[in-house]
Each structure stands twice: as C-alpha cells, then as structure tokens.
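Chain IDs A, B and C follow the sequence of writing; residue 1 opens each chain.
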Amino acid sequence: MKDYLLQLADNALILGHRLGEWCGHAPEMELDIALTNIALDLTGQARSLYQRIAELEGLGPNGASKDEDDYAYLRDAWEFRNSLLVEQPNGDFAHTIVRQFIFDSYHYYMCQALTQSTDEWLAGYAAKSLKEITYHLRFSSEWMLRLGDGTEVSHAKMQAAIEDLWTFSGELSTPNEVEKNMASQGIGVDLTKIKPAIEAKWPKCSPPQTSRPPLVHGCNRAERTATTLNTWVSSSQKCSSCSGPTQDRSGEH
Amino acid sequence: MTSLNFETIFQSKIDDETKIEPKDWMPDAYRKTLIRQISQHAHSEIVGMLPEGNWITRAPSLRRKLILLAKVQDEAGHGLYLYSAAETLGADRDDLVQQLLTGKAKYSSIFNYPTLNWADIGAIGWLVDGAAIMNQVMLTRTSYGPYARAMVRICKEESFHQRQGYEIMIAMAKGSPEQKAMAQDSLNRWWWPSLMMFGPSDSESTHSDQALKWKIKRKSNDELRQQFVDVTVPQAEYLGLTVPDPALHWNEARDHYDFGEINWDEFWSVVKGNGPCNRQRLQARVKAYEDGAWVRDAAIAYAEKKEQRKLAPEAAVKAA
Amino acid sequence: MKNTWPLWEVFIRSKSGLSHKHVGSLHASDAEMAVENARDLYTRRNEGVSIWVVESKHITASDPDDSDPLFEPAKDKIYRHPTFYSVPDEVTHM
C-alpha cells in the first residue's frame, strides 16, 4: 500500500516541481498563472498522499512519526517511485505540453477508476483530485490542438516533442508488481482496463500528421523501481534502447 | 466647451471625490501620468516574480513551497489586473511590455537586488511587500476608478504575502544561531532598498505635486516612508534583529522614529540600470517573451483556423 | 498588424442568486482560453460560480458626453419612487 501511494505521490510531486520552474518564464503571463495553478494542484495532491503514508506508517522505532517533508525531502534519488515521464526537463513549451498531456490522460482515467477503490481514503482522495485533473486534461488537450494545428513552426515543435516524449508513455499504463498487487485487491487501479480509454484520448488531441501510434514498449517501472532518478538528481547517461536513465552503479535498468 | 472648462470640471470632480472613469474627459497629462504609473506598477509585479520564483524549486518544505507558488502566482495576477487598468486608458498591453523589455519603462528597483538565502524570501514578504502595501492602501483611494478597483483587489490578496514573510522571519530569527544570522544578514541587505522603494524625497520628486493635486497619490513619498519605518521597527525588535541604521531612534517630540539618510547615489545608480541584477532580470523577461512568440502566434493561427472552419460549412451550403 | 491575443472583458457571478459583475479584462486567443484564463486570474480565491467573457471590441458603451440627455431626464420623475406617495400611518403592509 505504502509503495502504491508513493508512486502516486512522487509523480505528482515531481511534475509539480517541473511546472513550478516555469513560474515567471512562461510564453505569456496568463500561462504563468495557468501552469502555476496546475503545479499547486499537483503539489497539494502529493502532500495529501505523503501525509496518508505517514499516518499508515505510524510511529517509527524512535517513537516519532514521519511527516510529509520526510518523504519529499529526505529520501535519496533512487528511492523515488515516479515515472520517468514526469521528471523529463521542461524543454520548450511544446515538450511541457506533450509531457503534461500524456500524463494528464493517464492521470485522469487512473483517478476516475480510483474513485471506485475499496479503500475509503483513496476513493475520497481520488474523487477530490479528479476535479483538478479534469481541468488539467482540458488545458493540455486544448494546447495540444492549438500548437499541433497552429503554425508550421508550432507543428514542427510539437512533432519533435512527441518524438522525444512518446517513449515514456508506455510506462504509465503498464502495471508493475505493486500496481498488479493493489489492483488484485480492489484497492488500486487495473491499468490494463483503462489503457484503451487512455489510448483513445490520444488521437483526439493529435491533429493530422502530429499523431503517432502510442508506443507500448516504453520503460517499465517494475524493472527498475530501484533506479528511478528524479529531478533533484539528473543523469546524463541514457539507455540506448529507450532513452531512460541507466543506473549509475550497475548500468542496468 | 473649451478645454479650460473641461479642466475645471475635471478638477472639481476630483475635489468632490468623484472617481474618474475610462471614457470621461481627462487632461492628457493625467492620462499619461496614469499609464506610466500603472504600467510601471504592473512591470514591477511581473519582474518581482523573478527573485522569489528563484526559490520555488528550493523552498524548504512542501507547505512553504505551496505558499510561495501561490504568492508568486498572485504577483502575476496583480500584474495582469494592473495592465488591465492601464488598457482602460487606451494603452495596449503589448506596447507597454515592449517599453519594459527595451528598458524604456522602469519597474521597482527593489527587484534588482538578489535573493541569496531563504531568509530573503521572508524579508521580501515582510519588508518589500510591507512597503508596497503602504503605497497600495493609499492607492485604493486614487482618483481613477479602474486603478482604485484593481488596488482594492490587490490589497485584499496581498495581506497574506506580508504575513507569510514575517512568519518565515520568525522561524529563522527564533531558530538556530545560523538561521538567526541568515535572518540578520537578510535584514541588513533589504532594509535600505526597502526604504528606497518609496522613491526620491519630496524635495526631489518631479511628479509628486501634480499627482497629489489629481489625487492619483494621496500621501507624499516621505510621509509613506516615515509610516513604514514607524510600523516596521517594532516588528524588527520583536524578532530580536537589529535594523542596520545607527541613526535610528524614537523621537518623542515628533512621535516618530528618526532615521538616517538614504544613500541616494545607490538609489539613482540602480534606477539607471546599474544594480546587481538589472541586466539579469530584463534578460529573463526578454527571453520569456522571445521564446514564447511561437506559442502566442500558434494560438492565434489556431483560433483563426477554427473560426474559418466554423464558417466554411455555411459557405459550402450557400454555394450549393 | 501586430500579432497579439485580443482583449476580453470578464464578468463573474460570485454566487447563485447574484448577477454577473464586471471584474476586469485579460488577453486570450480564443473563447475557451478566455474562460480558463478568467478562472485562473479572477477566481483564485473562490470568487465565482460562473464566468462570462466577451471580446472587448464587441461592447458598445454610452458616451459620457451624452450623460445629461441620457440620465438627467430620469432624475425629476420622482413619482416613480414609493416615497412620493403619502399613505396614512394606520394603513400597513403597503
């Protein structure tokens, strides 16, 4: 359970962190506000989840309980459970929008399914977050269209961003051991069931020629849960087959 | 009616505390003064996002990170409220932004100082927002309606900004010796620039008299500065920090604090572009504007295409 | 021509039962974006339950120079106001 919540929380934290980097530098001032709003929502979601984990963990051997910041700030890079997608650098605005759209479409259907969780707390958390995520998905879907179907320049930039980021889409909808286990208990979401909905959303927001079949390969988090790097630590080494970061010590992932 | 008559009527409205609204007749100089002042104020909010935005990724707790995100976001919002007020006077936002980016328009010099440690985020909230609020509370009663209404909104929202800053200062000043030293260092660096925020002294200020007559401003620079010192010094004492001014003392007879002379050479030097971060701040804004051009263009192109597609089926029907 | 997003005026209903009220303006490339920008800019603190946006160029305003012919004539029609009429104190609920 704790690992499952950590995955959800770390995704929200890291993506919120990335979006926060835009603050003051966005393409238009109205967009500074919009991106910050999404960052606030995601950071808030991460906070609730970390608080819940601390609650579930209870008192540690030293008689003290952990708090949200212990998880957000006092873990090492390899202990983070976020997907590779969310830690990708902001790049240009096209990269930010494509990253956001891929994540939002997963996040939306995942959270929608999570409202049916047998765990009362998670179901409540999902119901609350879904309202925020619905808005995020609308925002990123609209921008996919504006930029994909805007000018030749924007189209080319979107195409490049999709080429760069699509490889990370598979990981989100491919269940790892933690997710399989939680889904089998009715607590977590069965990703195989929502995958068609996620993939059906993609072409709707990809104008002609920008669309590309979703890449199913991706990187599988289950194979490298111990190696996930995050935005606090960036790696220059990339896996030759999937562009994911490799693990520093063994070179495996 | 002659323009002299118009001016008499205009001034009598001001004297009667009747607000001036966008389409009302107003002297050209009033319009120009307002556009200049409101847009400078807007630029200050937008440039002001940078020194604090610098710490969003490094805020020391999730709570602090959320607060800072919300605060910097508010500043973008306040910039937009103000540009919106300036646009009611016939100015175009993009023209105003161009003036900022080309260095023709000024913004508050305070943002040309660097944020070096986390206590600076506290000091900005406490001192810089504190000084800004003094000015803004006065401006809620300014004679131009849209500006006054924007200020009411801004003041309501700003009240949390100063409090969160002071809260950070309390945490640092009452924390470890290292934290207290950071808080003191921060006060040392921000105190004088904060006093400079009120502008040149009344004897030097070129725009002050007319602005007071038109009730754009309702208090002079020196009055506001005194008011700021009087409320802020006890707050520093509560923190156990020392205000970096040996001349500072309570004057019983005046019922105010006396304080030392501002380093006006530094003031004018930073105004003229030679502060520690002037170049860096403008470069960041220019980069955001230039890097964003293709995004803004694409959004317009898409809106036009969508509009055409809406019209196209009708045209097809008519042709048939 | 300059390629900038057009200006929109924003009206917010602060709660059900009240009219939409003008709150300010913003820039957006299309109507959907205008609503979203309005939501982010003018309702960050729960200030609204409904938003209207209209491109500023579509608003027609009365001319302040016409305010005498437009609004003065209504001032002396005091018989439109209930206080114009005298009703005996004994008569209630009127």
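Please note the rule applied: contacts are C-beta pairs under 8 Å (C-beta built on N, C-alpha and C of every residue); 3 or more make two chains touch, one makes a residue touch a chain.
Note that the structure is a prediction, hence the values are computed from the model and not measured.
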### Query
Line, ring, star, complete or other: which one describes how these chains touch?
complete
### Message
Tell me which has more C-beta contacts between its two chains, A-B or B-C.
### Response
A-B
### Centre distance in Å when subunit A and subunit C are each reduced to the mean of their C-alpha atoms
42
### Message
Can you work out the whole-Å distance between the CA centroids of subunit A and subunit B?
### Response
36
#### Entry: Euclidean distance of C-alpha centroids - subunit B vs subunit C, Å
28
### Task
Mark out which residues of subunit A touch at least two other chains, giving numbers and ranges.
28, 30, 33, 37, 146
### Task
Give me the residues of subunit B that touch two or more other chains.
73, 77, 80, 296-297, 299-300, 302
### Query
Among the residues of subunit C, which are close enough to touch at least two other chains?
5, 26-27, 29, 33, 41, 44
#### Entry: Residues of subunit C defined as touching subunit A within the complex
5, 26-29, 32-33, 36-37, 40-41, 44
## Note on the structure
Listed in rising order, the residues of subunit B that touch subunit A in the complex are 46, 49-50, 53, 56-57, 60-63, 65-66, 69-70, 72-73, 76-77, 79-80, 83, 284, 287-288, 291-302, 305
### subunit B contact footprint on subunit C (complex, rising order)
2-5, 7, 24-27, 29-30, 33, 41, 44-45, 61, 63-65
### Message
Looking at the complex, which residues from subunit B come into contact with subunit C?
### Response
21, 23-25, 73-74, 77, 80-81, 84-85, 87-88, 92-94, 146, 149-150, 157, 296-297, 299-300, 302-303, 306
### Query
For subunit A, which residues count as touching subunit B in their complex?
17, 20-21, 23-33, 36-37, 39-40, 43-44, 46-47, 50, 68-69, 72-73, 92-93, 145-147, 149-151, 153-154, 157
